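Chain naming follows the written order as A, B, C and D, and within any one chain the residues start at number 1.
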């Protein structure tokens, strides 16, 4: 047992969330991030790891795993909106453009639907690099009753 | 330029893929994997990192990020079926059960639809821990013409 | 017990392998790879880690561990030819040229000898950076009977 | 330029080495080491990563990559005997027994041949876990003239 009340780590309760509310998380994707993601996922696709393989392709240079950018959406949901204590029910992802080493990916979630009876909400989720949408999709989240 | 023909790294071409074809990837999820995924994603939700926070919750012990298991689906798509050279168009994910440290997650993809004109295919994608389905969903993939 | 048949993860059986068969794995060697290899091996030789130490030497800039490139041969053997299920019996390595940060190393194995009675095979194993052979040698592998 | 004389980082010069001289390096192999080695090598063979795959095999539990233990030999050569400044010419490896999580691997090199004209030496190289030899083989090393 901690001497400190850990429930203060919890995120937003259902009643604290409003339609249209947004949150973001962003990270500059480095070569080391791509290597680390390959490590943890086991996804050693040469498009991520082998500069000579990828040079003659449409990508020209190594690209990040789409699921790495997708993981930044999970970061918004799990740490900010609604944050800790929520249950991630579902996520849809459309991969629309590649992310290259040095690109800064901004993941954004916006509340689009609130179902107070079921304590469930939907969020429009997107990842941007500058003006370009690299991922869009939708998340559904459940917030258990506290107490 | 490599002295070796790197095109042999490419995965399956559209005509090599059959309805019902399957592939799997599996990994035992360790504490180090969860820490690494938190590091690369920025998802520092205490449900993944803080044993004291999670003890009184329904999970009882730290759980893996849902997107970590989802990344194993990307590994099947990107390294096996269809493998290198394909374009990941979309992925849906329903998170159905938690994954704990020491669980072995098996990600599986099965071809459910082939569209030869558009060179696109759909795959039913699931992650299992033993008998339990922890994720299900669907992937869509595009295979560019080669040569 | 998994609900999914994990034996499909196994690589090639002895009878599926032919003389002259080849497989490759390639990776662009990054600064992060060299640091990670130093970490896991404990090989903190300044030729890999200390740019000022190495500048006046014949190498001019930090080089990768020879065993890092050698590990890519193990990746070909263990994941492709013959792949999972085989037993790595021996490996010889001649280090012929240094690998620098940013070089793409292509490891290649070619079956040169098949001994069906002992279920053993030999492979010529090389690592290339472009036209340069950086490692050559030979591997011996055993494939246990299945079932 | 460093204010400190970095040549003191250099290992043994040829004349400082005697027949029969030995050095060792040892490390307890952890689950995290195996994951890290899989990451850096790309060797995602399930025998290293997937506890359920390996359970019905002769290994019973996940084993370390043979090349991880082999890298400890490189650590002895590159940091101790002869240490920094030497050129690794060749290494032979016979993999004789598996290494499991928690095993402590001791790599040992012993000088067996000195060729002062060519400034080359040979070393008998072994890795032990307790009484068991897990790798044996031979290294050849060249020590360039200093000055």
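The rule is short, and it goes like this: a contact is a pair of C-beta atoms (placed from the backbone, for glycine too) under 8 Å apart; a residue touches a chain by one contact, two chains touch by 3 or more.
No experiment lies behind these values; they were computed from the predicted model shown.
Counting C-beta pairs in contact across B-C and across C-D shows that the higher total falls to C-D. When you average the Cα atoms of each chain and compare centres, the chain farthest from subunit A turns out to be D.
By the residue-number overlap criterion, the interface of subunit B with subunit D counts as different, with under half of its numbers used by both chains.
Distance from the subunit C centre to the subunit D centre is 15 Å, each centre being the mean of its Cα atoms. Averaged Cα coordinates give subunit B a centre that lies 34 Å from the centre of subunit D. If you average the CA atoms of subunit B and of subunit C, the two centres end up 25 Å from each other.
Multi-chain contact residues of subunit B, defined as those touching 2 or more other chains: 1-2, 6, 9, 26-27, 33, 36, 104, 106. The touching residues of subunit C, when paired with subunit D in their complex, are 1-2, 6, 9, 25, 27, 33, 36-37, 39-48, 50, 52-53, 57-58, 65-68, 70-72, 74-75, 78-79, 83-85, 87-95, 137, 144.
Touching subunit A in their complex are the following residues of subunit C: 26-28, 30-33, 36, 102, 104, 106. Residues 1-4, 6, 8-9, 22-24, 26, 104, 106, 108, 128, 130-131 of subunit C are the ones that touch subunit B when the two sit in their complex. Listed in rising order, the residues of subunit A touching subunit C in the complex are 31-32, 35, 44, 46, 49-53, 62. Within the complex formed with subunit A, the residues of subunit D that make contact are 35-36, 38-40, 42, 44, 49.
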